[in-house]
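To keep things clear, I will list the structure first and then write my remarks on it.
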Amino acid sequence: MKRTLLGLLAGLLLVPAALGQPLRQSQIRPDTVDSKLFGEAVNVNVYLPAGYDAAGDRLYPVVYLLHGLYGTYVDWATAGHMKDVVDELVSSGEIVPMVIIMPNAGDPDIHNNWNGYFNMPGRPYEDFFFQELIPTLESRYKIKADKQHRAVMGLSMGGGGSAVYAQRHPDMFSSCYAMSGWLDNPEPRGDNTQDKFYIVSKAVHDHSALAFIDNADDATIEKLRTVKWFIDCGDDDGLMDLSVSLFQKMRARGLRSELRIRDGVHNWEYWHQALRLSLPFASRNFER
Amino acid sequence: MKRTLLGLLAGLLLVPAALGQPLRQSQIRPDTVDSKLFGEAVNVNVYLPAGYDAAGDRLYPVVYLLHGLYGTYVDWATAGHMKDVVDELVSSGEIVPMVIIMPNAGDPDIHNNWNGYFNMPGRPYEDFFFQELIPTLESRYKIKADKQHRAVMGLSMGGGGSAVYAQRHPDMFSSCYAMSGWLDNPEPRGDNTQDKFYIVSKAVHDHSALAFIDNADDATIEKLRTVKWFIDCGDDDGLMDLSVSLFQKMRARGLRSELRIRDGVHNWEYWHQALRLSLPFASRNFER
Amino acid sequence: MKRTLLGLLAGLLLVPAALGQPLRQSQIRPDTVDSKLFGEAVNVNVYLPAGYDAAGDRLYPVVYLLHGLYGTYVDWATAGHMKDVVDELVSSGEIVPMVIIMPNAGDPDIHNNWNGYFNMPGRPYEDFFFQELIPTLESRYKIKADKQHRAVMGLSMGGGGSAVYAQRHPDMFSSCYAMSGWLDNPEPRGDNTQDKFYIVSKAVHDHSALAFIDNADDATIEKLRTVKWFIDCGDDDGLMDLSVSLFQKMRARGLRSELRIRDGVHNWEYWHQALRLSLPFASRNFER
Amino acid sequence: MKRTLLGLLAGLLLVPAALGQPLRQSQIRPDTVDSKLFGEAVNVNVYLPAGYDAAGDRLYPVVYLLHGLYGTYVDWATAGHMKDVVDELVSSGEIVPMVIIMPNAGDPDIHNNWNGYFNMPGRPYEDFFFQELIPTLESRYKIKADKQHRAVMGLSMGGGGSAVYAQRHPDMFSSCYAMSGWLDNPEPRGDNTQDKFYIVSKAVHDHSALAFIDNADDATIEKLRTVKWFIDCGDDDGLMDLSVSLFQKMRARGLRSELRIRDGVHNWEYWHQALRLSLPFASRNFER
């Protein structure tokens, strides 16, 4: 059977296109959020699913996807190849179409530039996140702006940020997925308040996800039950014990969480694979 | 329990390093092979496993990992992130340490520059591969230069190249893994011998992996039994039917092959995941 | 730290129990449906999720899970260990709690006793299924009795049954998953209308899922678009080509389906694993 | 295209049979080992791979696969369906053909009958295992009787047995895989030496795998490096903390182990799935 050359080339494209359905591609759109708290604009990447532009008034659930220490808002797109994974999972129906927001909370120059998701002296990032970033973007994009359609997840420093955000704002998120989470830190020595690495380390110490559970009263624990939790870390990751500890502390308080220890270290290969667990987890915990 | 900040940072590294074992990192080394047949040097990336330099006379098995149409020898390193996958699989013992050779057989400028793994008028690539590339690199690097320690695999055009190389040189490879293979092509129309895309399309037609099985005599089929075969393609890949056909034709001749149709299309997400199947397949079919 | 022996034993139980939440176990309840069409009662196993009894007026979505040739309604419970898989997937939230109905359509004595899901001379099983079984059980149990909360799946003869039921009743099912489907059959020779194996073979021939697509007019194809399709078969299964053909024929008509060819043969190990794909597929295609 | 009915039935069998290769099925053979230490015969199931009988003098590697508390030597065959998994993995080449020995070390009547893998007053099981069981069966069957071709694995009580056997006899095993391991126990209260559950609990306390690492001198640790270790437990298993502890203690002594926390509880669904990890792990750590 002879087919035309054109036919073969068409075959190289996605089948939906071949079937004659106009393929409206997903995209990652760079955007900014003007922060009065910081006095500057903050960069953010926004993943919009295929069909977003044409979908009229349809609103989408939203995932906040947080990067790690030394990282920036572009990491999930470049090193994490998040678009390929999301597109595949949407196409096969494993996740619902969603908006994914990847805000900036770091810089490779860790000693001189800000990193971190917590309120730090001169950098109230958590305030920015909840008072400025979320309201701004959830009104700018077609997003279902409520707990039942909002999830948070992230890696390392962003895993810690995710866990603590969901601990302190359980009314805001339906689910939380912490990858290789930087969930606690020893109190850094000295008092080098000019060093940004000192500041972020101290902030992680001061906002420990482990201490949060230790110190939570029963009413707080009850609120945490309204969030679905997932903790995931590599067996050769130097931070693994923190993930196990968080799970054990939650279990001791009667809080259910999923825990996975998979093969791997503290790298993008691990986090790229984690998306195949974290996104379906968020998706099925959205209220449809 | 307080730990030092330094301890935490060490924890961020691989555990083997933390355990005090000097970590000799794997590397991807760019190299070239001077080709008399082409009258030019051909680029190649060579993955060398951790410990290669220090390992004295130890010889390694070798995988030839082939890129696709429009691609070049760097693709598996850059778009495919092969190093992360290989490092993880070696670390957990899922594959033996191996050398992986990624030769150049293409260029993004498909109409003006050469693409393809077959002998084409003015570009005898298959001759180059077996007469120049393999002998040169297997003497330059510490490689066990025999069938029982040599595998071939690749994607799309490189999946077709892999299949046909193993069909025509079954004495050279212990296993063959074709991902999303461009295994056959209709005869291209016209006779545009100046157009490189015409040339590669015609070469795929002339060296069809499907026709090879149709035309093989029993003695040839017997030789193919000495190779382990694996065919893998996405369910939404326009080339899927070619993979199924090759499997069915082989089965009809009594040749065993693994076949997998997984979720996905013709893209790097699929091939990146494929490495988790293809490398263990090659590894366990090496003679130790 | 010393723990009591009692504590260890408690630890051997499910964690939810340990957390003090009363564990209402799921169960498989044997039941019967009186058939006027057959003039006899038909056996059925009904999986009820944990919490079913206590859940008041809550209604559940429903899956019809069909056994194969030579089999009976108990197979999914005994050989298929379906309860273990369903319980785990519900517990981790990968599927919503659901009722699963496993009706009888066979007997190991294939030459003397009825097998099959189609209307056969003297055994109008399809009529029974849609006119008697579904209405009876969906009023007897707390089930959301509509297309958006009903799925059908099955293995081999039950894979064929599932596919054809969803083809002929697309208004009844939100999704269909065919495992190792007996989707077509050559016309059996002779005319041994006393032999039950002849009868079922002829019924599969007469109700071919492949021929259905070949013969479907455009209006019928449009209706099939309202069902989500999944076809799954082992690479060493003698029926694999039927699954591939159904997928290809659907694709040629512009109908999307998932296709998976996984490692395996025509056995319970394959179908047990298939539940990990099929149940989440049904679950996420239920309207919540 | 019409095919014969016979052709379809042949298709239902394994493809190798269809290809005309005589299929020599694997089997599970019940056997006994006469124990002088116990003064009785001990039951054992022995899995022999396809081709075992016809293979002449070919010797096979061996896995010792241990059952759990309340269990017996038949559990892996009946509840664990080990034959289906092993056959599939051998067929696809994921594991080498091997002999698998499943000895009896328990009884459902836990208070009146012996359970356990350790030397207990009146029941020196560990002595029996190494002095009688292994020598008897490794001379009776065609087994490569050396460390490099011998592995041990098991579930719960058998996971603890596996870990401690490999700790105390590192010269005997190339690898060890502990599933949901009962790796330690608090000292049972009282002194009910007539109660078999008291006895096994005390034996686990006295032969704690955790204490073994705590108490090991450096020379012992060095010997443990010659074994490959894998620890695997469900996130909702009441024994999970023991698995994590063993991993952490080993890591603290510079001993590498794989660790996986997967979704699941303390049940056969978990252990059935574990075979897909444990058997390839054993296989690739055999010297070929």
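In this document, chain identifiers A, B, C and D correspond to the written order of the chains, with residue numbering beginning at 1 in each.
FYI, a residue touches a chain if its C-beta (ideal position, glycine included) is under 8 Å from a C-beta of that chain, and two chains touch if they have at least 3 such contacts.
All of these numbers come straight from a predicted model, not from anything done at the bench.
A.B. asks: Could you let me know which interface, B-C or C-D, is made of more C-beta pairs in contact?
C.D. replies: C-D
A.B. asks: In terms of CA centroid distance, which chain is the most far removed from chain D?
C.D. replies: A
A.B. asks: Just curious, how far off is chain D from chain C if you go by their C-alpha centres, in Å?
C.D. replies: Averaging C-alpha atoms per chain gives centres 34 Å apart.
A.B. asks: Compute the distance, rounded to whole Å, between the mean C-alpha positions of chain B and chain C.
C.D. replies: About 40 Å separates the centre of chain B from that of chain C.
A.B. asks: What are the residues of chain B that contact at least two other chains?
C.D. replies: 15-16, 92, 258, 263
A.B. asks: Name the graph shape formed by the protein chains and their touching pairs; answer line, ring, star, complete or other.
C.D. replies: complete
A.B. asks: Enumerate the contact residues on chain C facing chain B in the complex.
C.D. replies: 235, 241, 244, 247-248, 258-263
A.B. asks: So in the complex, the part of chain C that touches chain A is made up of which residues?
C.D. replies: Within the complex, chain C touches chain A at residues 15-16, 19-20, 92-94, 228, 251, 254, 256, 258, 280-281, 283-285, 287-288.
A.B. asks: Please output the residues of chain C touching chain D within their complex, sorted ascending.
C.D. replies: Counting only chain C, the residues touching chain D are 2-5, 7-8, 10-16, 18, 81, 84-85, 88, 91-92, 185-189, 201, 236-239, 263-269, 272.
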